[in-house]
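Order of writing sets the labels: A, B, C and D. Residues in every chain begin at 1.
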Amino acid sequence: MSTLTNVVDDLVAANRILAGLDVLDGFGHVSVRHPERAGCYLLSRSLAPELVSRDDIITFDLESNAQDGDTRTPYLERFIHGEIYAQRPDVQSIVHSHAATVVPFAASSVRLRPIYHMSGFLRTGAPVFEIREKSGMTDMLIRNKAQGAALAETLGDKSAVLMRGHGYCTVGGSIPESVFRAYYAQVNAELQHRAITLGGEVTYLEDEEARLYDETNRSVIGRPWGLWKTKFAPKD
Amino acid sequence: MSTLTNVVDDLVAANRILAGLDVLDGFGHVSVRHPERAGCYLLSRSLAPELVSRDDIITFDLESNAQDGDTRTPYLERFIHGEIYAQRPDVQSIVHSHAATVVPFAASSVRLRPIYHMSGFLRTGAPVFEIREKSGMTDMLIRNKAQGAALAETLGDKSAVLMRGHGYCTVGGSIPESVFRAYYAQVNAELQHRAITLGGEVTYLEDEEARLYDETNRSVIGRPWGLWKTKFAPKD
Amino acid sequence: MSTLTNVVDDLVAANRILAGLDVLDGFGHVSVRHPERAGCYLLSRSLAPELVSRDDIITFDLESNAQDGDTRTPYLERFIHGEIYAQRPDVQSIVHSHAATVVPFAASSVRLRPIYHMSGFLRTGAPVFEIREKSGMTDMLIRNKAQGAALAETLGDKSAVLMRGHGYCTVGGSIPESVFRAYYAQVNAELQHRAITLGGEVTYLEDEEARLYDETNRSVIGRPWGLWKTKFAPKD
Amino acid sequence: MSTLTNVVDDLVAANRILAGLDVLDGFGHVSVRHPERAGCYLLSRSLAPELVSRDDIITFDLESNAQDGDTRTPYLERFIHGEIYAQRPDVQSIVHSHAATVVPFAASSVRLRPIYHMSGFLRTGAPVFEIREKSGMTDMLIRNKAQGAALAETLGDKSAVLMRGHGYCTVGGSIPESVFRAYYAQVNAELQHRAITLGGEVTYLEDEEARLYDETNRSVIGRPWGLWKTKFAPKD
């Protein structure tokens, strides 16, 4: 199989996995940088992730214009992807989610912090994007390049960015990594919520502990990814 | 297919979807205005939503009397539907639910407020109906026209009304919209509960943000609705 | 079919339903008064409820001795059932559960109270049984007639009794009623926990509201029971 | 069947059960002492527990070296198992998990304590292992004999040890017992969290109550184990 075919298969798997793990419901999306066309990325047409198949994948340039005359309805928020890829050459894949445990941290003055090794990728902190700052009153969506660029600036060199009143994004050096981070960001939010509400003193990971595990994770990430593909990827 | 057939199919789908999404259990119901008979609405006979099929649908007038001599047992609380349709010409569909995350807000002095865009329909607030005010001690059910009318008055021009010690209703301009609102009202309740218990300061949607997304939602609501029909509607 | 056959079928269904609804896991049990033999009740042999079939049902007298020379291993805690049937002639069926939302109320000074109509049966309060009072240090189980009798005394004329450090029991005038109460006791515990942790003022059902709904419930309980049998009872 | 075959079958079942009960996800592992080779234990190769089959089981000595020239990738953290078996001759089986309800207690100054009989095995307390004490900044994993030995020392003669910023381990005199403890440790964490957040006074099990039930449990543990095998073990 060509590299492109493999990458598209993994992107379809990522859509199904994120739906299967309840990280995405009818909304949210996952993209990957095009493996063969510089300055392009791959993203489904506007469709619930659980229903995405190979034929639904569209190629966009970094202006988030569909290529090859594709006129199918795209996600309104594809600019999230285009602008992050433009500002972060190291990023190969991006997930945007409304997962239930994370949105409360995006609305709260309490910061999301890594409470165990699996979420070491949060070590540099998960900044919160406030769309009101530059855009004032909106429908909360990232609808154009300017809003996407502002979001990408808030993300900076981090692995995750929360969006007030909306959701969050995770980025990674591969599809498994962005998916892993989207999943464990919401697990961490659940764990941190529980720890805080217990009422005692909470010990978070030191930055160095978080960094060391995030590095280790690259050697073991194939284990959950293999499980998730087995459980959720299309069988054909 | 006739309009009526399509509407009945969507109403059956709505019953199965709301059960599949755990918005309804053995109790609760969903109705739609009759597409061809002015002053009538469609609602299942007294049956758990998960078991509802086409043949279970009954036509009621706005007095909530079954039409065409249908003598099957109706829901005791059909007056919720008749009275809201009578007072709200813009409403095409109504859901009544006891979903677990919303009932606590109906019993609490803390108000349900939109914490993210998906629940922008809560922007005008979700008033709480206190049945004691007009009816004193009751079994909490909406058992007659007077109680239904009082509930509809509390709803006013809003999209959702909570019922103290009981549950809530959402209304919409279509079946997908009332179902969407029933589902995301309970997601919002979960998110808001988490945000409040985190203990920090919580930022809710401004009224204008909520209004703008609620408008946007009309163009994207087909996405979750398509997913939900695929997953939960009867296959025949 | 004979009455006995019907009752045994409903008892098997109740076992499967309570497992399917996560009210029981590998532990807990449900019994019914024998429909034909005065002073006897029916209860499975020691087995996880999800695995119970007709052949597993044993007849016990109110001393909780197996009848007809049945020597299969009984539940250690069958005395819960025998003693409640002895003290409460109105009770026809009993459920004993460790459901996760209720146990915290059994360990807390905060009382379980009805927060919505479905749990109106809690209206007279759910007293907490403290086994230490009469038995001192134990393994927490109801292992003999004296402990069962003490539990039945704490239950009194109520519909539910919590057991500190252990679980709870619900009783009813029929199998569907005891099952309904076991299920909605744990839903109510979840709702009440959410309402309390929201931090506002909580309005509970007045005793009269609770009593009125509990009466109404007898006319609508067939609806969830029908659903639950369809979903969880053995198909043969 | 030989003893070894039976033990391997139970170990495979334990992997599937712990995944089925959501005690393990893509990570975590369960081991058993080798029934025929002194100073050896059995553990899967590096694989998600839900995917483990007989052929994946590797024999390790107590130095955690694979035997018989097996060169397949082992779990990085196999030293947890080797060192606990070395220090605790009574232990026959060990589970290591990141279950979501327990990790918050591992990060909090609030101690995990038995709130009902099922978690009587926590009676002697669940000490918290702080890897920083001896190892300073790490990736949080137990990567060598020294770290495993330090963890085993913190465990001491207890049945469970929490690992700050990481997870926990349970040990038992048999596979069913270590699995039972891994499952009910996370149930207890959920119950205790609920009880604490209710805000009232919480009564925990007295040490003697906990000890008495933990003893009783040996005679009834076959009930959940039988259920779990029926539901989750491979059918072949």
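Operating definition for what follows: a contact is a pair of C-beta atoms (placed from the backbone, for glycine too) under 8 Å apart; a residue touches a chain by one contact, two chains touch by 3 or more.
Note that the structure is predicted; figures quoted are calculated from it, not measured.
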Using the contact definition stated above, find the chains touching both chain A and chain B.
none
In how few steps can one go from chain B to chain D if every step must land on a touching chain?
2
At the interface of chain A with chain D, does the proportion of residue numbers present on both copies reach over half, so same, or stay under half, so different?
different
Quick check for you: after a Cα superposition of chain A on chain C, what is the rotation angle, between 0 and 180°, in steps of 5?
180
From the mean C-alpha coordinate of chain A to that of chain C, what's the distance rounded to whole Å?
46
Euclidean distance of C-alpha centroids - chain B vs chain C, Å:
32
Where does chain B touch two or more other chains at once, residue-wise?
197
Pairwise chain contacts under the document criterion:
A-B, A-D, B-C, C-D
Chain C residues touching chain B - in the complex, by the definition given at the top
115-118, 120, 187, 190-192, 194-195, 197-206, 208-209, 212-213, 215-216, 220, 223-228, 230-231
Quick one: which bits of chain B touch chain C in the complex? Just the residue numbers, please.
25-27, 46-48, 50-51, 76, 98, 100-101, 103-110, 132, 137-141, 164-167, 193, 196-197
